[in-house]
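Look for subunit A in each of the two complexes below; its partner is subunit B in the first and subunit C in the second.
Right, the complex of A and B next:
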């Protein structure tokens, strides 16, 4: 089953990436001209249209993923710390914090699109109240920040859930003992909560998040369709454009293979992190 | 006991075989699998399902020996077609947009219609313009149209009356004059609204303007955006925002539905090259009084800017051929299924079926007799009917999809520059020549 559903498609993808497969050869795709590493070399040459698009998309996907993690982790941790203690209205906040994650990405991306339209969107109205306005979020260089905002808003509760679940597994006795030893709130958080106890689950959350966001097709597609501004043309969107709009399957698959290579890095980290620790393994 | 039963069964079977022998010589029962474009709105999808159930029962009754199974797909046809072609599996008949027809022809995986086959479909009963977008130039057609989606000019009658303008413009020069009169930028009201951020809109409008001016997007040796007849029309379109300010700079962000929403809100007096499919948004989101009293639908102007008549080689087309076609998939269709498909197409394009399409899906029939339906005798439907009759086909070349995919975003970036305040006219010339090169590279690699 693994061979049929995972290994075989991967092998076929690698083969197609070495060919000039397009709509004319699709019916007999094995007869597509073999071009060796030609697709890959053009993708790494910024002077070619393919290379220009691919390298730009790689950069956009990097920013998109980096921001989702860079903003999501601290936000999630702060929220988890705040709601890990007993307080009034905790249940309400817990529901509110999960809400962005519970809304389908398609819906949240559409909402953000409407909010970011210049002149009629909510963001521009708020900006005009505080003295600024006129920023275009959906065109030009700011478009990447539009998808980043929408994505961070929709995905930060993932880290919050991971952090809160991990924190709730920490026995209160440990904190009480630390307090008796004179540790303050910050020291307890840094040396008990963060470092030894929730670090491991958070690392796993970051790895999973990297894979998800690097592959996130929905948010940019819903916000911009298949003609996004260059700044927001992330790799999954670019692959779709080359595959299904330009019908250039060889180049699109070469992009997919390179995307797979990038994603192998967090996957290897994930496999390493999810392995039982040596101490446990020895038992 | 088992032995007795077995003997009885064999006996019955033998006698049965002997009995049914004459029937077995008749044509075997044929099942025809048809994949139609699904409606995305749940309410309309429900109506569509009921409609398909009704017509498939009728078809089966009229065609003993054939059972039609209709299913639907939503979203782009491209992934479906690619999967079918690569895997040699899928339905016998597929409905898809005219844009995909040149690409589908290029795969060689669909049955070309011979003249005899088209006669069986009763192609002569269809609107001639609709049949012009059926394949690739020089090859037999692979598509038979089943509905049309022409384009028109939407205008706000109340705003026109307030500005003292008698009626919709007939020429693009008049369009500009009217739009300037209707623009009140300080109140954020503009003469027109456009949708440069839309995947298709830039292609639709620039192709139409260029065609009317005698310009071609693509010739035998490649893309021709930099040629004068095309370039001056593209310049005119960009100048609506850059020079004449008859459209809002915020339009660069707009998809077609955003543009329609701005038009409904009274932020613009005209929406040129709007699709029949936009009517759904008018009916669903605008007030009943807006649709009844304010919404005007006219043919798009056909005389290029600065001209008083159509120039030589120009095509006075107010729309281009657009709509849905049905294609027969070669790899899964036996000769009997191809014959069944022809009967199905004849049935689906017949007047009794076609006259139901406008009220159900707001698409235009392609059977000439269907236009006689009483509820289609309104100015709006009549305008779309004329637009369809006078429409011109977009290039029937294999690279059409690639051309559209390159050109629309390139032009969108020019509009972005205008909105962001760093546009200069040389940028447009660069965009045209780089699009020419990129399309030539892409088409050459096909």
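Right, the complex of A and C next:
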């Protein structure tokens, strides 16, 4: 089964990416004309429509992923530090903070699509209190920020979970000793919590979330469907639209091969920094 | 002198952290409460932003007919349950073989499991779609538009993580346990089913829940592989918004949000259950040393 769903498709993918496979040849894909590296060269040429779309969606995916990590990490750390202290109702908050992550992505995307409706949506209501005016979140250049907001809201608890779990492994004696030596709250956070003890788990969390967010198809698709504003047309959505809407499977597969190449970077980092691979090597 | 200032600082930092937690609660809570509120309003209230003029609990009854939530949920349930079944059978078997036998390519296959879970769904879907279309036209057997094709690809993409997790659970079980059973004359299958499976049951539960959630929350595969008569809930709701929302805004947001919340309940419950099992597993492992 794994051969059927992984190895064979991988071979088929690479072959398709070298052809001009479209709907006319779908019933018999082996008969599609062979174009060599033509799909790839046009993807890297911003003058061609394919290249324009590909490079644009690569940029959108980059912003989307960068924001998810750039906002998610500090939020997750802050929340974890707050709930690592003794506090009334801590157990309740610990569960509540996971909620955005537990809600299915398609539901949180629907929620945010509704809240970002121009003027009548909740976000513009709140913005108008502080003097903002109705913004078109769901069309045009702001659309990228719509999916970024939805995604950051839904995904930051991933970092919180990693951070809290590793902070709980830090014995409290260390903090007491540091306080006795005169270290303040900030210093003990930077030197003890952040530095040696939870750095590794956070690095793993960042690598994994890079992969998840770079591949996130659900958020942009549920918010915008098959006609996304170009600013929110991230790479997985763009691949999907080329394949299943324009039925240009050759170009779409070439794009997906390139996206695999981008993803190999964090995957290799992951394999190097996570323990499983070392366990395997030891055997 | 130093004692009161220390106490003051401590109190100030307590308040600071309370403020931080409250800010998080607001940011998490406002969207959820707002949506729950919308799901209880009439459509006129939604348009006016007029929140407090009456509850409309019947939204939760209407969605079954107006959006067709019942059939969506039924399809999602069928897909998710079948997916869990396939994943558990295949993954338990594979994890057993990988954890207990040595053979050529073993570590290559184990590493493949790790990398496999990182491959983008779109990258898997494109060639599978082409192959399904091919198989369909040669074998005259429906894969695109039916539930079977969706179940197979959902299961296939959930298997690598499942094998990986079960493998690490099995490696935590001492070999003496199954060797003793073999000495007593039990077959390999009996060792696996009657000795090992009960021991790693918490791991199996986590794997089952993750596979269920993956299938339940999937939009990508379902958007291509289901047809109007076989929509699962995630893609069904998405399609409802997009097809009605692009025109004059005839989306019944109140009912849609009611439907979305109903469909989120099983996913959230399962997620928290798995969460607890994972944490328990970690602490149990730590105690065992």
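Note that in this section the second predicted complex is superposed on the first by the 268 of 283 C-alpha atoms of A that agree within 3 Å, B and C clash if a C-alpha of one lies under 4 Å from a C-alpha of the other, contacts with A are read in each partner's own complex, and residues count from 1 in each chain.
Here is the rule we use: a contact is a pair of C-beta atoms (placed from the backbone, for glycine too) under 8 Å apart; a residue touches a chain by one contact, two chains touch by 3 or more.
Because the structure is predicted, anything quoted here is derived from the model rather than measured.
Upon superposition of the two complexes on subunit A, a steric clash is found between subunit B and subunit C. In the superposed pair of complexes, A:210 makes contact with neither subunit B nor subunit C.
Within the superposed three-chain model, A:136 lies in touch with subunit B and out of touch with subunit C [touch as defined at top]. With both complexes placed on chain A, subunit A has more residues touched by C than by the other of subunit B and subunit C.
In the superposed pair of complexes, A:236 makes contact with subunit C only, with no contact to subunit B. Look at A:107: by the touch rule set out above, it reaches subunit C but stays clear of subunit B.
In the superposition on chain A, A:226 makes contact with both subunit B and subunit C.
In the superposition on chain A, A:245 contacts subunit B only, with no contact to subunit C.
Look at A:49: by the touch rule set out above, it reaches subunit B but stays clear of subunit C. Once the two complexes are overlaid on the shared chain, A:64 sits clear of subunit B and of subunit C alike. Within the superposed three-chain model, A:93 lies in touch with subunit C and out of touch with subunit B [touch as defined at top]. In the superposed three-chain arrangement, subunit C is struck by just one stretch of subunit B from 97-105, 205-213, 241-249 or 259-267, namely 259-267.
Counting contacts by the rule stated earlier, residues 26-27, 29, 120, 224-227, 243-244, 249 of subunit A appear in both its interface with subunit B and its interface with subunit C. Those residues of subunit C lying in contact with subunit A across their complex are 13, 17-18, 20-21, 24-25, 27-32, 34-35, 38, 47, 49, 90, 107, 110-112, 114-116, 118-131, 133-134, 137, 152-153, 156-157, 159-160, 164, 168, 213, 216-217, 219-220, 223-224, 234, 237-238, 241-242, 246, 253, 256-257, 260-261, 263-264, 267-268, 271-272, 275, 279, 282. Those residues of subunit A that touch subunit B in the shared complex are 20, 22-24, 26-27, 29, 49, 117-120, 136, 138-140, 224-230, 241, 243-249.
Residue ranges on subunit A touching subunit C, taken from their complex, read 1-2, 4-6, 8-10, 12-13, 16, 21, 26-29, 78-79, 81-83, 85, 87, 93, 95-107, 110-115, 120, 122, 125, 153, 165, 185, 211, 214-215, 217-218, 221-222, 224-227, 236, 239-240, 243-244, 249, 252-253, 256-257, 259-260, 263, 267, 270-271, 276-277, 280-281, 283. Interface residues of subunit B, counted against subunit A in their complex, comprise 76, 78-79, 82, 85-86, 88, 103, 106-109, 188, 197-199, 248, 250, 252-253, 255, 258, 262, 331, 398, 401-402, 404-406, 408-409, 412-413, 415-416, 419-420, 438, 441-442, 445-446.
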